[in-house]
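Next up: the structures, one after another.
In the two complexes that follow, subunit A is the common piece, with subunit B as its partner first and subunit C second.
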Partner chain A sequence: MQRKALSGLPLPPLKEITLCNNKRKVFYMRRLWNRKLLLHKAALPHLPLLLFMLFMFVTPLVLMLNDSFRNYNYARPSNLGAYVGVQNYSKVLHNSAFWQSVGRLVTFVMIALTAEMVLGIVLAHVLKDIKHSRPLLSILLIPTMAAPIVVGLLGRFVFNNSFGIVPSVIELVFGTRPMLLSVPILAYTVLATVEIWHWTPLLTLIFYSGLISLPQDPYDAAKVDGASFWQAFRYLTLPMLMPVIVAGIIIRGIDLFKIFDEILVMTGGGPGTATELLNFFIYKTAFRSWNVGHASAIGVIMVTIMLPVVYIFYNTIGGGREAR
Partner chain B sequence: MFFSKRCVVMLVVLTAVVTLGSVIFGGSLEPRQQQMLDEFRANTAAAEFYDQVKAAYDGTTISAATWAGPQNEGIERYLPVFAELTGIIVNYNTFQFDLVTEKVKMDAVAKAGNYDLVEIAYQHLGWFAENDFLVPTKVFMENDTLRSPILNRDDITWATWQASSWYDDVCYGFPSVACSMYLWYRKDLFEDPTEKANFLAEYGYELAPPETWEQFKDIAKFFTRKKGKTLAGEVLKRNVYGTAVQGKRSDALTCEWLVYAWAFGGGVFKGGIPSKENLIINSPGSVAALEFYKSLLEFSPPGTLEYDYEGPTTAFQQELVVGLCVEWNDQGFGLEDPTKSMVVGKMGYGAVPMEVDQTTQGLPCVSHWGGWTQSVPKYSKHPEAAYLLSQWIISPITEPFLTADLAVIPLRESTYSVLPEVANIAPVAATGDALKCTHYRPRIPEWGEMEEEMRIALSRCLIGELSPQEALDWLYSRYMEILE
Partner chain C sequence: MNTNRRTRMRYLLSRIVVYGTVTMVVLGILLPLTWLFIDSFKHKIDRFAMPPKIFFTPTLDNYRFTFVEGKFLQNMSNSLIIALGSTAIALVLGVPSAYALSRRKSRLATIILFLTLSTRIVPELAVAVPLYKYFQILGLFGTHLGIILAHVLYNIAFVLLLMKDFFGQIPKELDEAALVDGCSPFRAFFRIAVPLAAPGLAATSIFCIIMSWDEFVYAFILSSESTKTLPVAIPTLITLFGAKWGQAIAVSVTTMVPVIILAFTVQRALVKGLTLGAVKG
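What follows is the complex of A and B.
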């Protein structure tokens, strides 16, 4: 029977392989050819998607990279577009305002992410133990349906000192009306609170889906062994739920790094620079100062920091291989 | 069948009725629009001109990006008249203050040509002009087929036009908004006998619109009262305040503080001439102005650091602030609107006091110019049609309609003679005085970045992160870097 490769091309008979080195070479080259062909065949259906991704994701990155090495400062339009080497990077990296905005963003992400994770897991547990929890889950998901700009506006009204409901309630209870959006630390906290309120339901949904799909047998066994709720949670739920938790952390982490609309509407980066997080700093550099070269350099730095962080996180904590 | 036959018939009939209705009634003009159209047609020269325009541009569609101010709401109302006259369809987009500037700048940088006519705040004109993003108006004015016979350029208030639309002796459009800042005060309380007597007893001089900044502060302090005290014979049910500061990190903050800076002999550039050598942002006058400005927080509502343009307006409307403040004239119309305001007819408007030796400045008071211009961008797809629109908006027939409807500040001298009652509207009358002592923000391309840094410096000072001297020293060093 003649041997056929998967591609349909005939391979030389097996006995010929051993005849001489040249024939062996031919064999290996043919095998390589067939593998390539196979690869091409497999890749072909994905080609439109690959091209789309190349166009949509890679092109802007390449353009941004190009702009980051050029002078695109429209406030000083002479020599516009000229190649300036790493000058933009140098200026950005020596700018204390940039590092401060990075620090504020990282702190913000850590605070909001931790709070959302904890609240998400707690709420998911509570919902899991409630009968007919689906209507509750639907109600809980309402904030996630609102656009960030709407949430920002809502936050601006709710926390407004003059007519906001939150300062009114605090005044009713404690007798003093706080200036929630005028004091730096409070404005920062309010921003984080709004973000947590907006997106915790999403994590709740993700964790809830993970929890209800966990096998029951290990819990039954743990119960027989006399494990407490906390022990079951610590040694069973958390490890089994870890891939879901990591997915949640990555999704929300990336999303939190992009926070912008709420800042623009609620505080405008103020008071002072208290809520001027990195994205707002980029926006300010690009669209208020119109220094597109600097803004591009900051964007490239941000991507450079983000990609390895996500990669390492996914592969070390999340057991990425298993998930794959 | 998903739909019954009867249902389909009803849908068809309904669609036909709606289409027919929109064809019959949708095309017809409102009485005011019809009146404007009749005035254009009654003017022989204008009618002939627009007949020729219609023949050339009928069916053209243009797009405009403008600021969401009262002027543009009025213009939108009368666009069907322009369409009737010229055959040009206009997509008139209005955006919030910061957004319109961003949009039109982005459109220019991308060379997209999404907008055929753009509205630009005068302080950003230098950015557009230096980047060669605008078509000089001369190009259109020299074209006989585009020049309206009723334009009458001499009738446009020259100071307003120059301040809004000219850069380096080149005209880039027609003025569209004439804003200026002046003093707001509660006239009824200033005239109240009890309040007057109490003020005289406490401060030793008559209660009247302030002529010095010390008087300004005295009045702010005098009207700051706790719940339970009396105001004009009435017991207060909540705390009230003597003034309001627009303390949010926004352009409102920089606009307001600059009035104080100029009044105290400070500012950005000495003599308004932009150069590193002329920087006076941390001069003693500027520092004194910021110290004074910050001291007013004591007599402002607790939420004053969240206020932008609308903050003081709302506070006055709701009688939370009952003294005085410095504000924009266009916000004044909100105070005289009975559907929104509790202080209709109770407000007085006047000049902002000048602290420094008036002879050096040559001005009796201080005001802040905030005009806009409507210009044609270089990448406009229909530049001529866009110019025709801007020319129609400023025409001596259109403006009185806009003014009468919305009480916007006239840009033509003749409008005051056509509508003499306009001059008696309180916010308009005070504008005339304010325009006599107007100061301007720099119009250099760097101003966008400089203004952003000023917001930060002022905000950091108001929240107590930096002292006035530290804040302005920091700003000075940033300006030196920017102007390098």
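What follows is the complex of A and C.
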């Protein structure tokens, strides 16, 4: 590169200038990025991941926020992409189908979560009580590893009205054949049962590993003092196991909130809209009614609801305490 | 004498309850899956027979219709390409970051951890709605690359948290010693940290392959006819106009069996991964 002074005056030596400029540049960049955020050698390993997250996670979410203020109804393509303000939100929030799906989801999460936690703790105690539990732990992993879609198909197969084994057995015992997947409340129950079957083993494993890592001394002391099993459970096991229980509630709660695959293959949201939970409602709005504007608004609402969960998750089990 | 007998009775009763429960749980887990497995070898007539037939002539027809005469071999290769590709990219992106997270605290690390955790918590469908549009603009819709990228997003939290844990188990003094001896940070990472964390790396990659193989939502929304994965192919067989149960069950079994076999090789990492590192398996 030719170094010529425009005014004809001699320039100071190259090295000094660049150094000085670089320093100034770095100084400004540092102020810009607030404490050498990206311009530090230690930031290098994070950069590819950060770029990927910007490209694949932040951008779509920003786009979704943008779409939620626009008219994107592909089924009615007039005025596509026009800015409509908060109309999508107000329409969604005044839609009774939306609130019904929210209500169903909340009920579903509470029922399934309670059942899974109670069953998980009971089974973990049972597992702790037997001698050779190693092969049992492997068996418990099997449903956990089955894809949700496969479990959904299995559920549809087992509870099928015409040839499922469960209705047949009930018919054999009670004399009447229940239409398990055609009656709203029954279909809902069957869905919850399948979900509980699928994920209780994981919770059992979590609680089991929590139980066997508890210290033994308090139990010995309680035994000497004549405490019953229930007292030991209430005043020793529960408090000591609390971190694991909280972790289990958060992890399962998040996954239950996202339930979709099983519904799609088992009931398809039906009968009617009985098993249409929030995720399925988004799917229907976006990819069956092609109303992407409304779906984006629901998505934004969902993400906003989940943000506090992210914060709780980060601070309890996500390693946030170590990172700071 | 009397109390002694009573305690023995009580002990015996508790044993019966405990082993009874265990037997019921094991049967409850294994029976439906075994039944599905056996059913995949049944003729149509045997499958719908009532009461269910235990003895029947096994047949490979379901698999032949599905994979030889049907187009499901393509779904399988799609699944394989997407699982391997997404795992490779997720490892390349996640492992250096996980190493840095385990060694040094910084504000950027906090941001990365927070973003990555939120990918697990934000529902996949809420991300898939804008991705559907976004990918069509970028020309990634319905391509292998698009689904691979989506699955990287799905897997990156597992990679980051699992690998952070594995790197954390390696003593810091080892790479500090290397740095003092004049090793560059890159060399310290590739020559010391990565080889020492190799078992963890293997477990993490197997875990990611399993997760990507089982993943449904992204693959379902973002795939076209020729890039459907095995899980996405299952609902196409169960339609309003009639269900091809034999083929659906055959595809399900093919989806499930390799995963279960792989899972037994990485049991400990599995529980840790599924709970995002909250529980040391």
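The rule is simple: the second predicted complex is superposed on the first by the 251 of 324 C-alpha atoms of A that agree within 3 Å, B and C clash if a C-alpha of one lies under 4 Å from a C-alpha of the other, contacts with A are read in each partner's own complex, and residues count from 1 in each chain.
Here, a residue touches a chain if its C-beta (ideal position, glycine included) is under 8 Å from a C-beta of that chain, and two chains touch if they have at least 3 such contacts.
Quick caveat: nothing in here was measured; it's all calculated off a predicted structure.
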Partner chain(s) touched by A:100 [first = subunit B, second = subunit C, both, neither]: neither
Of subunit B and subunit C, the chain that contacts the larger number of subunit A residues: C
Contacts of A:87 with subunit B and subunit C, given as first, second, both or neither: neither
Contacts of A:292 with subunit B and subunit C, given as first, second, both or neither: both
Subunit B versus subunit C as contact partner of A:182, first or second or both or neither: first
Interface residues of subunit A shared between complexes with subunit B and subunit C: 287, 292
Subunit A contact footprint on subunit C (complex, rising order): 14, 18-19, 21-22, 25-26, 28-30, 32-33, 35-36, 39, 47-48, 50-52, 92-94, 96-97, 99-101, 104-127, 129-134, 149-150, 152-153, 156, 160-161, 164, 185, 189, 210, 213-214, 216-217, 221, 231, 234-235, 238, 245, 248-249, 252, 255-256, 259-260, 263-264, 267, 270-271, 274-281
In the complex with subunit C, residue positions of subunit A that touch it: 34-35, 37-38, 40-43, 45-46, 48-50, 52-53, 56-61, 63-64, 67, 123, 126-127, 129-130, 136-150, 153-154, 156-158, 163, 165, 168, 197, 201-202, 205-206, 209-210, 244, 247-248, 251, 254, 257-258, 260-261, 264-265, 279, 282-283, 286-287, 292, 295-296, 298-299, 302-303, 306-307, 309-310, 313-314, 317-320, 322-324
Touch list for subunit B against partner subunit A, complex: 102, 105-106, 109, 127, 130-132, 247-250, 301-303, 305-306, 314-315, 320, 445-446, 448-449, 451-452, 455-456, 459-460, 462-463, 465, 482
Subunit B partner contacts - residues on subunit A that touch it in the complex: 74-77, 80, 160-162, 177, 179, 181-184, 267-274, 276, 284, 287-292
